[in-house]
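This report concerns only the one structure given below.
By written order: A, B and C. Residues from 1 in each chain.
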Amino acid sequence: MISMRRWRKRGQNTFINHFILILLVLFALGPIVVLLFNAVKNNAEIGRNPLGFPEVIHLENFGEAWEKGQFGKTVGNSVFLVVNTVVLELVLGGLAAYGLARKQPPGSNIVMFYMLVASTIPIWLYLVPLFFTWRTLNLLNTHLGLILIYVALNAPFSIFLLRSYLLGLSVDFEDAARVDGANELQVLTRIVLPLTWPGFLTVGLIVGLGVWSEFQIALIFVQEPDMFPMTTSFFKFSDRFSRDWALTSAGAVMMIIPVLLLFLALQRRFIEGLAQGGVKL
Amino acid sequence: MTRDVLSSKEGVDTHEVVPFVKDDLPPKVAIPWSRYRFMQKVVIPWAFILPILLLHALVVLLPAIQGVYYSFTEWSGFGAAEFIGLENFRRIFFEDTDYGRALGNNLLWMVFFMTVPFAMALFAASLLSRVKTGGLIYRMLLFLPYVIPSVVVASIWRYLLSPRFGIGAQLSNIGIQGLDVAFLGRTDTALLSIAFADNWHFWGFLMVLFLTAMQAIPTDLYDAAKVDGANRWQEFWNVTLPGIRPTVFFMLMMVMIWSFLVFEYVWLLTQGGPGGSSEVLGVVIFKNAFRRFDAGYAAAQGLTISFFASIIVLLYVYLRKRGWDI
Amino acid sequence: MFSRNRVTFMVGLVSVLLLLIIPASISAQDKVQVTVWLNDDDLGQCVKDTITDGFNAFSETTEVNVELQPNVDDTLRTALAGGAGPDIIPVDSPSSGQELGRAGLLVPLNGYVTQYGWDERFVPWALELGRVEGELYTLPDSLETLVIWYNKTLFDDNGWEVPATLADLVTLSQTIADAGVVPFSNGFGECLNCMGSLPGAFINHYAGGEVMYQALTGEIPWTDPVFLEAIILLNDMVQNGWFNGGTDRLFTDSFNTAHVTLGSGEAAMYLDGSWFNPDYVFGEDAGNTNDYDWFPIPTQDGEEMYVTGVGAAWGINVTSEHPDEAAEYLDWAFSADAQAERFNNCNFALAPIRISEDAFAQADPRTARIYAAYGEAAANGNYGYANWAFFPAEMGTAFDEDIQEVFLGSMTPEDFLSHMQELFTAAQADGLLPPLPAR
């Protein structure tokens, strides 16, 4: 009797689960479908029919957007920026998060407080002085200069998030390893990382996406056209008063696809990690 | 049973005791316990923390201190700055009505973003953590809006909210009247409409964060709850939520802070209009600095934002000190 | 025969020779390089090619390097504040230029004016815009005015006539509305703050250039009844729904939509700048068989008048190492030939220089007519003052924003104008008024 009741309950739950999830998916996807439609219309049609299915399909928008936006150059730049920022952020940030989560040395509260307060400062306040500094250090117009800024700006959030994931991990394994003679770095890389990599992955993804779609800072600190990231390509599709929405949409679709693919690739590993089960105490 | 942890590549099978086995271990040298502890407790952790801390100070702290100087001056944004003491601040708190209105808008924004996306994200994450088939697809699709650049998101939502073409207009075509309102063109709906669009973009991000945190909750706890006869809501309230509490509180605090820094979507969709009704502090500061050539004043306003957001940080820190596990 | 050693020797010799020759040949062509920044868009790309080819062929001692920057205005601002930036600076408005000049970030140009005779070449009122306390800092570019574009086919089909006076415009709008057509298609959804062009047009054309001059020099206040009547007239037209049906669509339609409805005949007129190119929404590609034309915004008495403004200005960076060469470039860029070339190739609005009609030979006759009519009216003193060019910064910003509240009914036209008067007097007191030449 009990088992039948449970079975029925589970069946209902699954249906409702999926139903609600599908509603949410429609909410999330609807506007993206509109984007897809607009990516293959011409501007005149967008002006009179911006939401509906395209009357004529203009696939050449993609080619035109690619060329005009010089995506060939800019995408490479963006990839370089993203990869380096994420790696540096996870390494430096991970070290700091570990130190703060596990060790909590004297002064760690001050560090955390400082980081939080620092993230409240609007960037306009220090943009120009930072520009001066970077100019003195010859970091203007370099990808390195941009990467360093991104790593710094993302640091508070990354460190805190990583720290919160690390806090959820039981100390036992690390202690066991330490007892057997591992040094701190080994504990970090051989014990902690394999157990918390979903957290690192998530933070990496978020930081990566942030850098991928960033443009304000990039535009200010890099003025060499060859070094522009892909977000600046969007500015090529607008002039003083209006924007070429057809090309902008096509460009946006092209920009989403690699992220989608990356997400797909990473998500599978994510799921693998899940299948191994959560941490059992 | 032992296993060589160093050479194993899969995850650790956690039910077993795993002694650390390593070849060629150098002989242990006897060092004073206090020195060892000092190394462990202070030097090593600080060695881990310092690199990024120093980088951050170079990029944020030092320039910010210089920036703070400008808030005490009259400065057009170019050339020399004239020191005027607290005059800017006096103007902010006693004269500037735009500032007060913008601050109110920021607070409204904050209330919206502390509730709507959180509810949606928690709900979806808890659903997703149960669903076995298609979990990957759902997760990807629900996260997709976050991937789209803000310029594009804004343009799509401008059309979706348009009284001529948007969802409201389409609905009235099929008979559902009254929703073809000019959401972005009316002073009473502009700000919330912008928040709605930004939320569409943002909530998937929260969901992924919460989902990741939920994975770390030991399944034993769920099993135990089921044995005790808990239903889904009780499971959520008593197992899931407490398990991810640090993440939730952290994100609540970050959202509160970010609410004071809002700029992009407001600027893209209405530039603070119509008639300034959707202006937030970020927009006010931008206009002062770059349209009215009043950069010193803008710096002062920026400082006040930091001040308000810091209060929230203080609250968070205080609660932690009091023992709240956040 | 080809022993290793000998081959190595030959290779070495040739390399050394090459190393000697190549640098020599390069330095023989070494020119001083000056950099210019342009906004990275269609227009910028076109202009870059025209400039680079034109100037580098023209000058024997200098060459120009055009760098396209996305969102150039913001990028430039930070760069300038940080002590960097190109040799030749694009300024987005005369007030910015004045701020930069006041801050000492631009090279004073009076010496070059004499050297190159710029005071002869530029239309006098335009050159004045670049002055701060008598010293010239920027050269004006991109003449701009406001006109009413209209769907000519629609007018012809319905027997509507181009209005001669403002009163006629009102009657016409009523007629159009009665016929079920939207009188004005304007939509400011993408840029609410661009709405200032509407009141700007109306106060200019209602009051006339002379009265505008008096207000802009502080002789009469902005609260004068003539301005009040103008704003009330505009507001009445908006409340009648003649501007895209009312504030709902006026405030939310994109520029695209505004253009498209004009092209399709759903709307009849569109009040916009001379920079607008309606081609893409008229004709076969756009799915209609309509044609367009323009008429000047009418005045009270019917005398033809045009608002004038400049959309851009150029200055020389004070940190430039080659100011003389930069001035040489500017002189070339503002020559009649270079201007005509730029205009014909890229449809970039002409600078306010004295230019012959040949320059328009290749242009669309309608565009040519704008410049011709505008030039003639200006020569006769029938010109007004664009709000984006001549209002002091703070007043201009408020002008754009407050009019939205007027249209929405949350601010009265009286309060609107008294706020303008307040800000004007404050700017006057701070010495921030753009200089105006005598009429």
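One rule holds for everything that comes next: a residue touches a chain if its C-beta (ideal position, glycine included) is under 8 Å from a C-beta of that chain, and two chains touch if they have at least 3 such contacts.
Keep in mind that what you see is a predicted model, and the values were worked out from it rather than measured.
Of the two chain pairs shown, B-C and A-B, the one joined by more C-beta contacts is A-B.
Chain centres computed from CA atoms place C at the largest separation from chain B. One inter-chain figure worth recording: chain B and chain C are separated by 40 Å, centre to centre, where each centre is the mean of the chain's CA atoms. Each chain gets one centre point, the mean of its Cα atoms, and the points for chain A and chain B are 13 Å apart. Under the contact definition stated at the top, the residues of chain A that touch 2 or more other chains are 50, 127-128, 132, 234, 243, 245. For chain B, residues that reach two or more other chains under the stated contact definition are 159, 162, 165.
Of all residues in chain C, those that touch two or more other chains are 74, 81, 190-191, 254, 257.
Of all residues in chain A, those touching chain C in their complex are 42-44, 46-48, 50, 127-128, 131-132, 135, 140, 215-216, 219-220, 223-225, 228, 232, 234-243, 245. Those residues of chain B lying in contact with chain A across their complex are 5-6, 10-12, 14-15, 17-22, 25, 28, 40-42, 44-49, 51-53, 55-56, 58-64, 66-68, 71, 120, 123-124, 127-128, 130-131, 134-136, 138-153, 155-157, 159-160, 162, 165-166, 170, 200, 204-205, 208-209, 212-213, 215-220, 232, 246-247, 250, 253-254, 257, 260-261, 282, 285-286, 289, 298-299, 302-303, 305-306, 308-310, 312-313, 316-317. Interface residues of chain B facing chain C in the complex, by the touch rule stated above, are 76-80, 158-159, 161-165, 181-187, 270-276, 287, 290-294.
Residues of chain A touching chain B in their complex: 13-14, 17-18, 20-21, 24-25, 27-29, 31-32, 34-35, 38, 49-51, 92-93, 95-96, 98-100, 102-109, 111-113, 115-122, 124-130, 132-133, 148-149, 151-153, 155-157, 159-161, 164-165, 167-169, 173, 176-177, 179-182, 184, 186, 190-191, 194-195, 198-199, 202, 205-206, 209, 213, 231, 234, 243, 245, 248-249, 252, 255-256, 259-260, 263-264, 267-268, 270-271, 273-274, 276-281.
Chain C makes touch with chain A in their complex at residues 39-43, 45, 67-71, 74-75, 78-79, 81-84, 190-191, 194, 254-257, 259-261, 263-264, 275, 280-281, 285-287, 311.
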